[in-house]
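The same subunit A turns up in both complexes below, where it pairs with subunit B and then with subunit C.
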Partner chain A sequence: MLAVRVLGTVAILFVLSIVVFSMLHLAPGDLVKTLLGTRPASPEAVAAIREQYHLDDPLPVQYLRWLGGVLTGDFGQSIRLQTSVADAIGSRLGLTLALCGLAFVAAIGSGIPLGVQSAVRAGGVLDRIGTALGVIGLSAPTFAVGLLLLYVFAYYLPIFPVYGGGRGPLDTLYHLILPAITLAAGLGAIVLKLTRTAMLRELDADYVTSARARGIPEGRVRRLALRNAAIPIVTGASLLLTFLVGGTVLAETTYALPGLGTLLQDSVLFKDLAVVQALTLLVALVIAVIALLADLAYLLLDPRVRAKGGTA
Partner chain B sequence: MSASLGAVGVGFRRRGVPVTVVVCLVVLAAAFLAVVLGPVLYPEATKQDILSSLMPAGSPGHPLGTDELGRDILALTVAGAASALVGPVCVAVGSMLLGILLGTLAGYERGPLDFVISRWTDLLLALPVLLAAIVVSGVFGGGYWTTVALLVLLFSPSDIRIVRAGVLEQSARPYIEAAQMLSLSRWRVMFRHILPNVSSLVITNAMLNVAFALVAFSSLSFLGVGVPPGTADWGRQLTDSRSIMFDNPAAVIVPAVLIIAVACAVNLVGDWLGQRLTRSGGLS
Partner chain C sequence: MTGIDVALDGIEGPAGRMVEPLSFAIAPAASLALIGESGSGKTLTAKSLVGLLPPGFRAAGTLRVDGREHRLEQTDASWRAVRGREVSLLLQDPFTSLSPVHRCGPQIAWTLEAKAGRRLPARELDAEVARRLDEVNLPARVARAHPHELSGGMRQRVAIAAALASDPRLLIADEPTTALDASNQAEILDLLRELQHERGMAMLLISHDLGLVRGRTDEVLVMRHGEVVERGATARVLSAPEHQYTKALIAADPALALDAPVHAEASGHAEASGRSEASAADPPAAAPLVHATGVVKRFGERTVLGGVDLDVAAGEIVGIVGESGSGKSTLARCIAGLEREDGGTIAFDGAVLSPGRRSRTPGQMQIVFQDPYSSLNPMMTIGQILREALAVGGRPATEVAGLLETVGLPADAAAKRPAQLSGGQRQRVAIARALAPRPRLLICDESVSALDVQVQAQILELLGRLREELGVAILFISHDLAVVRRIADTVTVVWQGRVVEQGPCARVLDAPVEEYTKLLVAAAHRDRPHTHDHSTDGRTIPA
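Up next is the complex of A and B:
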């Protein structure tokens, strides 16, 4: 039932929040020193830190206080950037969303048509090219693809800028094209594979044979099959998201884009734990919500599941 | 992490080894040779020599040139194969063993043990592997083998699920009932009778995991976690050579192409092996 599914998601997020909270206390080295960052460790500063983070309270109390802050959008202070974590994330969120959005559109726009065509003419030239591209897209690490694209389209053929986020909306968009293509290579490969497999199965079904036998035009038959193939494609969305999370970090690092991925990498290397905690929770939340939405979409797309009362 | 690549061999000859697979096997054999012979051929690959800094490809004595620190790119690349490839293979084998143990226990014993193991895999699957690996190995530090252990843990859910599903399906069959009637010990039933029948699934998934682990591992070293600075490693080499990528393109292009080539080869061979094993009746 849907309620059970929602409860399960909440339970997983709860356990993860405990893990993320403990990270602060489990990290090697002295906690106070980590929180002080580059400031000198005078007794007053140490006392101030202990006071500020309530380090003398019992751990469950500390956890509840931290969770209360998180739920109201207060993730604490970034010791590296000297701003609130919420501000640090807010100022970089736009770029990452734009990058992921562009990559997503490119991946869907290329993966689905290519997947359908591959399935329609399975074993043909296009299918073999598609399969080969799919293997490369799935196997090649994002940063390796990114670096090679940089050579081709920014160095040997100087069409795109080498790195940076650009100024102003249009310039940013221009700077995002190559990173988005890099991300879309992996994403598109997953979409292509999901589409091809689902379409192959649908085109083999009895209703397709019967539709063809009744003389329904091939284009309409394919649209019919694609509608049914949409279910496994949509439920594969979590696969896309998992790829996108890691891929964004790598693509942003490769192209030196000031987004959430580079924020995560810099914060991890600097041991700016408040930022790392916030980003980890944020990603976990987004993934959990998208997985739930994918299940809901499954209900909407498949009348059979709806009729049974939804045991997604 | 178990996204298999679909029917790669469609349209190829049904019997014998397809050409693509032969090419892939040659790539893998070359990589294996580099792993074994790298330390012998280039024991001093990471030695810095500032006098021969930033030589272009084709220089005498340095066919692929050198980097900023004067390290020979060819030597660094050949020597880097070991670090780039041994870890991922260990990750795949380790998570396969963990998956066999926990998956078989969960699928055969059922009950509370199954519940605990299944919730554990749910929790791990809710995390993107790369994110978890970056955060944990970045924050907690730790060297090469800590990263291997971490990735084993993060890769194990796919193995556990696959083994569990296979064992569940086999447990209901008459031959298991027969084995139980002979009052064979449960360990004997689990690992001598059920396991061989799910092994083709497990081996195929382990092959694909090698490819994914290779990507994860090199990504981590590219981001500066997992492999200490100065190590000969393909991912690390790409980070280190980013600043000189336009001075000596070979320093970046060669390791990048090698990572892609090996990952593709492992994936294709794994897929082909999977199809072969499935067709030969290893499982229904």
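Up next is the complex of A and C:
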């Protein structure tokens, strides 16, 4: 079963690579002019570009050459930055990973406990506050939350820096706090809702009644229910990670962080196709891997699925 | 003073008073049965004694355990000291009362630790869990199994071990065997009785099944609409019921008619009306309606059906009995085309059908499932459900009213949704839906097993009437011999994917030839030890 899932993921990535490669030729405007960027379009320069990108070869050959490069980590040259795409991405990857990681931890760390408490005291004060927070978090656009936080905590109360990625690990962390909270607001709201719903259902289950009737302490009963609720929560949380990928573009732009989000935005504006291609593939890869990991987690969390997988 | 003393002042629900004042006492090691249909307040009464009433319900009164008084209206925090040590609750369904993602051992261990009030060393805990499992006749290795790896009977044993691990003085068992096979039912109840005597523990057994409590409890309390209508020693109440309602319950219970002669009239009708109506459409001496030979079905390595033969004549009611896992449902699903058989042939009206649904038409056969709560689309009205089924069978939508009338539902039911109907009414809708394309064969797969006895009796009566009026043949699958006896003309006993015995209902159930059939019949009787005396009164023989 697992092998089938992995093969499926590879197949999806293969199809995506064709789509991404086609971007080069489907992009509006003249391809050579795009690739030339700001350089003058002299006949020699045009010839050099055609030579460099092998534009005179048949398309399948071009694709295979490009795919070979991609598989060995060579995504070509960034027209805008005049460096290799791999370097451009590599230098910014760390910041984005740190931002996403921080936001994810914050979202999980606040959403799950709040969701559990909301479900345990459904209809109580905490549940109402949680629901209100959830609605705000879900409905407020990321950039609006970002601007609000910037205004309040960086401008009005100058506790946090206004922009930039900072120098050194601690300073970077300091610079990432507001952007991470911005990203985590929407995510945390979804985690809260997921957890609350799943916990409410589990707390209503027979095995919880049975555990309570046997005198098992409430703390253990809740852990028992949460362990069962973990199955839908993990599946939902993995979908959230993909939401993070989109959100990071907005957060990085708002806080002017030199991460992959801003790189993608600038490259799209500048028609820096090689970078856009590489980033698109990277995002696809990350999402595919997350989906695969979520399936694995499901296998780990649910012994019933495990048993079926074993006999099939 | 020792024993249990309950004085319930009443239970209030969102819609008013649900249970009237009632009181009872149970001596140590004695047992009391609380009998009633769903909605009678018996489960609410049980839950009020562990402080686990659903939100919106409030109970008042006292529970005295060996002289220690507990107020029923106390807070949840105070209840925690009572639950487990004084009172424990065993639930109906072993498939949901254990956490599916945890192994069985820890689930018992939690109760042990809850009783001890502290964490216990792993070795001590393991040894104690093994001892508790042994007490319910399970091997120690069960501790490492997940609930889904165990059979229903084994799960309920684990649930019993978990419920008793805190050594309560009172065990409340809420329909503990309703979800189990006949042979498991008797074993579980006998085990509970045994454990009760060993521990000097009182038991409150909640059940809708009067036959089941016979010989297994000392006293009976019969409840209806939140009120006790009759109480007394079990033997007395069952042999000489005083209240009209108790009499009706006993009369409706098919199990109490186990020794009664088979419904001879019904068998006669099969020849007279059913066959004659069928012969209008068929040439005389036609092949049977369904003729299955050597049906084989495998799921992976497992052979579920190992060459089964089955005939169903037009207008005939054929009962298939067997325990869960015997393959009886798979056979029905193969005939209906819901499973594809791996070998053998299934012919309908003389023509061989290829495996799968594609070769069947709606007018040939329809199926009625066990659970009317999940087999009807909750988002559709009854009218929509029936119109959809009529459209499938190519019938006009105007027949909805007629269908409702056929199954004994009021015409205004068409505007309702399944959630607004009772279990019995929903099963009537499911039957109406199955009848919509005018099938010649109705397959009922445990169609009455989820219903209360009285409703069960009504549905059985309806099925019998449908056969007479419409001449429809019925393939009736059940694990309950008593129910099959009430309706079937011929019986096929299935065991481990093979037909063990086949023949007229009376012959197979009264004078079984095969060892396995004898065991099944004996198990059904063991459930109801005194049924024989009873039927000689003539009270339970169906009219």
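In this text, the second predicted complex is superposed on the first by the 308 of 312 C-alpha atoms of A that agree within 3 Å, B and C clash if a C-alpha of one lies under 4 Å from a C-alpha of the other, contacts with A are read in each partner's own complex, and residues count from 1 in each chain.
Note that in this section a contact is a pair of C-beta atoms (placed from the backbone, for glycine too) under 8 Å apart; a residue touches a chain by one contact, two chains touch by 3 or more.
Predicted, not measured: the structure shown is a model, and the values here were computed from it.
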* State whether A:T209 touches subunit B only (first), subunit C only (second), both chains, or neither. => second
* Just subunit B (first), just subunit C (second), both, or neither: which does A:Y63 touch? -> neither
* To do: Using the touch definition from the top, say if A:L301 reaches subunit B (first), subunit C (second), both or neither.
  => second
* Structure fact -> Of the two partners subunit B and subunit C, more of subunit A gets touched by chain B
* **Touching partner for A:Y174 - first (subunit B), second (subunit C), both, neither** => neither
* Structure fact -> Overlap of the subunit B and subunit C interfaces on subunit A comprises residues none
* Structure fact -> The residues of subunit A that touch subunit C in their complex are 205-207, 209-218, 220, 224, 227-228, 231, 301-304, 307, 311
* Structure fact -> In their shared complex, subunit A is touched by residues of subunit B numbered 3, 5-8, 10-11, 122-123, 126-131, 134-135, 138-141, 211, 215-216, 218-219, 222-225, 238, 242, 245-246, 249, 252-253, 256-257, 259-260, 263-264, 266-268
* Structure fact -> Seen from subunit A, its contact residues with subunit B in the complex are 8, 12, 15-16, 23, 26-28, 122-123, 127-128, 131, 134-136, 138-145, 147-148, 150-151, 155, 190, 193, 196-197, 239, 241-242, 245-246, 249-250, 253, 264-265, 268-269, 271, 273, 276, 280, 283-284, 287-288, 291
* subunit A contact footprint on subunit C (complex, rising order) -> 50, 52, 80, 82-85, 87-91, 93, 96-102, 107, 110-111, 114-115, 146, 148-149, 159, 162-163, 165-166, 300
